[in-house]
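See the structures that follow.
Presented sequentially are two complexes of chain A, the first with chain B as partner and the second with chain C.
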Partner chain A sequence: MTVAVESTGTAVNGDRVSLLRVLGPAHVWALGVGIVLVGEFTGWNFSADKGGTLAALIVCWVVGLLYTSVAMIDSEVTSTVAAAGGQYAQAKHIVGPLMAFNVALFLVFAYTMLEVSDAILLGDTIVAKAGVDGLTHNSFIAATIVVLAWLNYRGVLMTLNVNFVITAIAYVSIVILFFSVSPWTQGAVLKLNELVTPGNALPYGWIGVIAAFQFGIWYYLGIEGTTQAAEEVRSPARSLPYGTMAGMITLLIAAAMTWYVCASLMPWEYLGITPYPLWDAGKLTGSPLLENLLFIATLLAAIASANGCINDAARAWFSLGRDRYLPSWFSAVHPKYRTPYRSILFLLPIALAFAFIADLNQAITFSILSGVLQYTFMSINIMMFRKKWPLGTIRRGYTHPFHPLPAIVLFCLCVVTFFAIFLGFGSQLSAMVAFYFLISVWFHFYRYKFVRRGDQFTMPWPKPQGY
Partner chain B sequence: MSRYTPPEQSKAGQVFDIAVVVVAIFVALWLPLKLGLAGAAKSIDALDAKTWEALGQNPTMASIWEKLGYTPETAHDVIQNRFHYIIDWPTLIIMAVVLIGYFVFLFRASDREYRDVINEKFDDK
Partner chain C sequence: MWVALSYACWGISIVLALWMLYDWFQVDTTYTEDVLTSSREGELEAVSEKHRI
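Presenting the complex of A and B:
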């Protein structure tokens, strides 16, 4: 197996200081699920707003298929290109520098806007619980983002150990809720038949199902973030596919349980707009214990997600600086904590600026848009990867089955999701594409001159076919 | 192929480039939010009769709304605030062209840059 890992780092007193290889499969699972699990606590339910409760279930499974394709494709490429930046490093070796620059920005914005959403959720949940007139979420948002940035500044192992514990608690709370409401019987607590009727299951018809794809992405968005830790994992070829696949299975189960309980406890019009559906579900069971458990779990899920997002966004930004796609000032590693501290600090005020003015669904939409742009890239990237280095020409850590079917499925579902975002959030789609287009023009015609050409390719592979 | 040596960037140049990125982020993404141009395109289909029946809520749904602290009057704007999925074809076509154009530019320009990378990397050996 050829798994080449880029050496990275910064010089301190003449010594090379690099990111530490301290993480195992459980940390990879925690990084992936920790980022994503918040999607069960908020965001997925906005798909009910766009298409009704049944649409939310349909997209839960269909988008699950999209992410299964993502996990399969990502596991193959990442287990072969194991370098910090994940998909960024893949784009650099397979498509080219401009694509790599864009992919890194997709990652940074998907994760930064997800972090923003997490902070808004946490602030709104605390304010709602406090029930004090005049109390706003701003101070809670600021405290969340600043404290978590500080944790990330101090070190990745501590950060992901914290994530592992709080992610596990949040996940267990969903399981406890599910079994506490006697899911095998209807009528006592759960009333699915009375809340989801033939008349309201799909209030907008099938166009609503398509529109619901937008927030269906939120069930799983960020699972591909596991690859960001490639340089800090002890055995990337084993840990990354294992941690990612285990994370996907975990999330599919959580998503199904979450939909079933929430759809059986609240009308779709309310489910579609509440910022904290699982906490509301806890309240509607009438059990103070469940209500408080789900309140705490909502906060923990938001913290775990924001924590992982800061980790991933900073590593993508760090990679851009290291390759001089952005000023090399960003590529510094902290001499004591061995973290990309300048990237962490730079992204901090950007997250704060958006958290103070964006609504939850706006921040989520920006994150989803960057995610879908990235998945579109991934579907084309795997085709190019197999064409430039067919099976047998290089050793892969993992080879995904049924190629090119997962890539075709992924591409088609991305097209559907772009259309879904156009339905109701077209202005944000325009703003995001305009941003990426302008910044790409800037990179290609100006910034690229600072990039060392041959140094962009660091894998010990043969020359790609066709070049 | 001769090895390309990029120019060293001055500190002022680095600061300027960081400023360009920050400005692009705030103009393209932050400003539309600030100006209220982004977000869900929904509108309220107002009803004259504000009762649970008129709002399409059966007794189970009504009891849950009440448990959540809503009355028919306060729930009206939540229930009747709807998306109206009318496809504006010219806008959709323009958006599709922009999106496809963006990806075409991305892959073509990347390929030109990639050839530089591959030529330098493998011709050195």
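Presenting the complex of A and C:
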């Protein structure tokens, strides 16, 4: 029997069933840092393979500048466009439907591929620790993706409470490692002077630094995911800028500590190829306690990241359905748990399929590519936002300083990163751009006729200047 | 131990996947599509933001 009312009190007769506003700044921090922190445990170190240990440090700071610009721009726009879908909702209101459709796909691809990478990393880490012949990573991948999908299905509050705890443990493990190796004393445990010399600091020169940008992204990839929680935080105008900026500061500190410890313990030739730089650093200290702590922290970081990615990808997909950019079937909200349950379930087998057939490098590259496409959009988006609605015309929860400098810096660094990706993965970059072009043609000529054009613009803003 | 853990992971995955499918079926047969897809973007903002600066 089909009924139109809910008996548990979550959705009352006549009311809409919407996402639940239960999150605070700590959850926003847990979502952003949770997605990103896995990049300190693996990924960033491949930049050392591209350009040496010093290149890994240079991109740590320069890409940190890119992401600081992302965080500032995102905080301003999202504190005004507080809707699930994050950058998708921003693009829809500020640029237009075709850009919004593409941005939503960037988001879904970036987060789903990152989730896949996290699950593969977790499986590989357990298999490496076990050292048992015949043990494969498939069961651990399946459990990671399914258990986290179930958690997300059951409610956003518990999902992000769990993320807060495990992200905090993983973060504290980096701090413990840092202080355990006497960072103030070179020579005792750390040997930076011996491992990084003028002769090997930049083995491929400055082109190596450019090439290192591709993996430098891993230090911070995903911090912009905080905006996906916009419709579920109690006070978006306050919580989103606060949680995002706090997350960025946290990550800059973690990135610096991670580079310093790893660069002082491993030669660049090894650092650039190991899949587990922090776990290896724990082993190299000679302390079984630190080794096991960093092993567990690697797993927790991968879990936190996959958890946040499921949350974000589902909200982006849900938003597309709600505006009929995709069938509205995807916009269903669970009447009891108040989550976009159909979107979560739809993306679950896709993530599983990619995790079983793709390798880690391919999944990571597709995630990074979609992420950088999204950052390029953000630099254009903020310029249009300030031009159409200058300061003083609409209420902003946060106004980022030095405009348009962050947008220009962001755009320039995105161009450099595209060049770096082209150097390493030119065919994947071309394939992805071709895919987005074809899907845009499909959207423009076929799908857009199903969209209720007046209903999709929901922000009660005045007319933009010039219109 | 690791092999047993691997089997446990398969078991947990199957159980939770089945539970989600069952709950999905229950929800979709209990509520109308209009109720389930009634969420609208920006409702809070429409109430709280006046934009009279």
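FYI, the second predicted complex is superposed on the first by the 452 of 467 C-alpha atoms of A that agree within 3 Å, B and C clash if a C-alpha of one lies under 4 Å from a C-alpha of the other, contacts with A are read in each partner's own complex, and residues count from 1 in each chain.
By definition in this document, a residue touches a chain if its C-beta (ideal position, glycine included) is under 8 Å from a C-beta of that chain, and two chains touch if they have at least 3 such contacts.
Source: prediction; values computed, not measured.
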*Which partner does A:Arg452 reach: the first (chain B), the second (chain C), both, or neither?*
first
*Determine, under the contact definition given at the top, whether A:Ala332 touches first (chain B), second (chain C), both, or neither.*
second
*Have a look and say if chain B or chain C is in touch with more residues of chain A.*
B
_For A:Ile394, using the defined touch cut-off, is the partner it touches chain B, chain C, both, or neither? Pick first, second, both or neither._
second
*Taking the superposition as given, does A:Ile408 touch the first partner, chain B, the second, chain C, both, or neither?*
neither
_Between chain B and chain C, whom does A:Met383 touch in the aligned arrangement: first, second, both, or neither?_
neither
*Is A:Arg322 contacted by the first partner chain B, the second partner chain C, both or neither?*
second
*Considering only touches as defined above, state whether A:Ala89 meets chain B (first), chain C (second), both or neither.*
second
_Touching partner for A:His444 - first (chain B), second (chain C), both, neither_ = first
*Once the structures are superposed on A, label A:Leu252 by its partner contacts, choosing first (chain B), second (chain C), both or neither.*
neither
*Which residues would you name on chain A as touching chain B in one complex and chain C in the other?*
328-329
*Can you name the residues of chain A that touch chain B in the complex?*
49-50, 91, 95-100, 102, 109, 191, 194-195, 197, 199-200, 204, 207-208, 211, 265-267, 269-270, 273, 280, 283-284, 324, 326-329, 346, 350, 353-354, 357-359, 361-362, 365-366, 376, 380, 418-419, 422-440, 442, 444, 447-454, 456-457, 463-464, 467
*If you look only at chain B, which of its residues touch chain A in the complex?*
3-7, 9, 13-15, 17-18, 20-22, 24-26, 28-30, 32-34, 37-42, 56-58, 60-61, 64-65, 67-68, 75, 78-79, 81, 83, 85, 87, 91-92, 95, 98-99, 101-103, 105-107, 109-122, 124
*Interface residues, chain A side, partner chain C - complex*: 1-6, 11, 16-19, 21, 82-85, 89, 126, 130, 132, 135-136, 139-140, 142-143, 146-147, 149-150, 153, 231, 319, 321-323, 328-329, 331-336, 341-342, 345, 348, 392-395, 458-462
_chain C to chain A touching residues, read off their complex_ = 2-3, 6-7, 9-10, 12-13, 16-17, 19-21, 23-24, 27, 29-46, 49, 51, 53
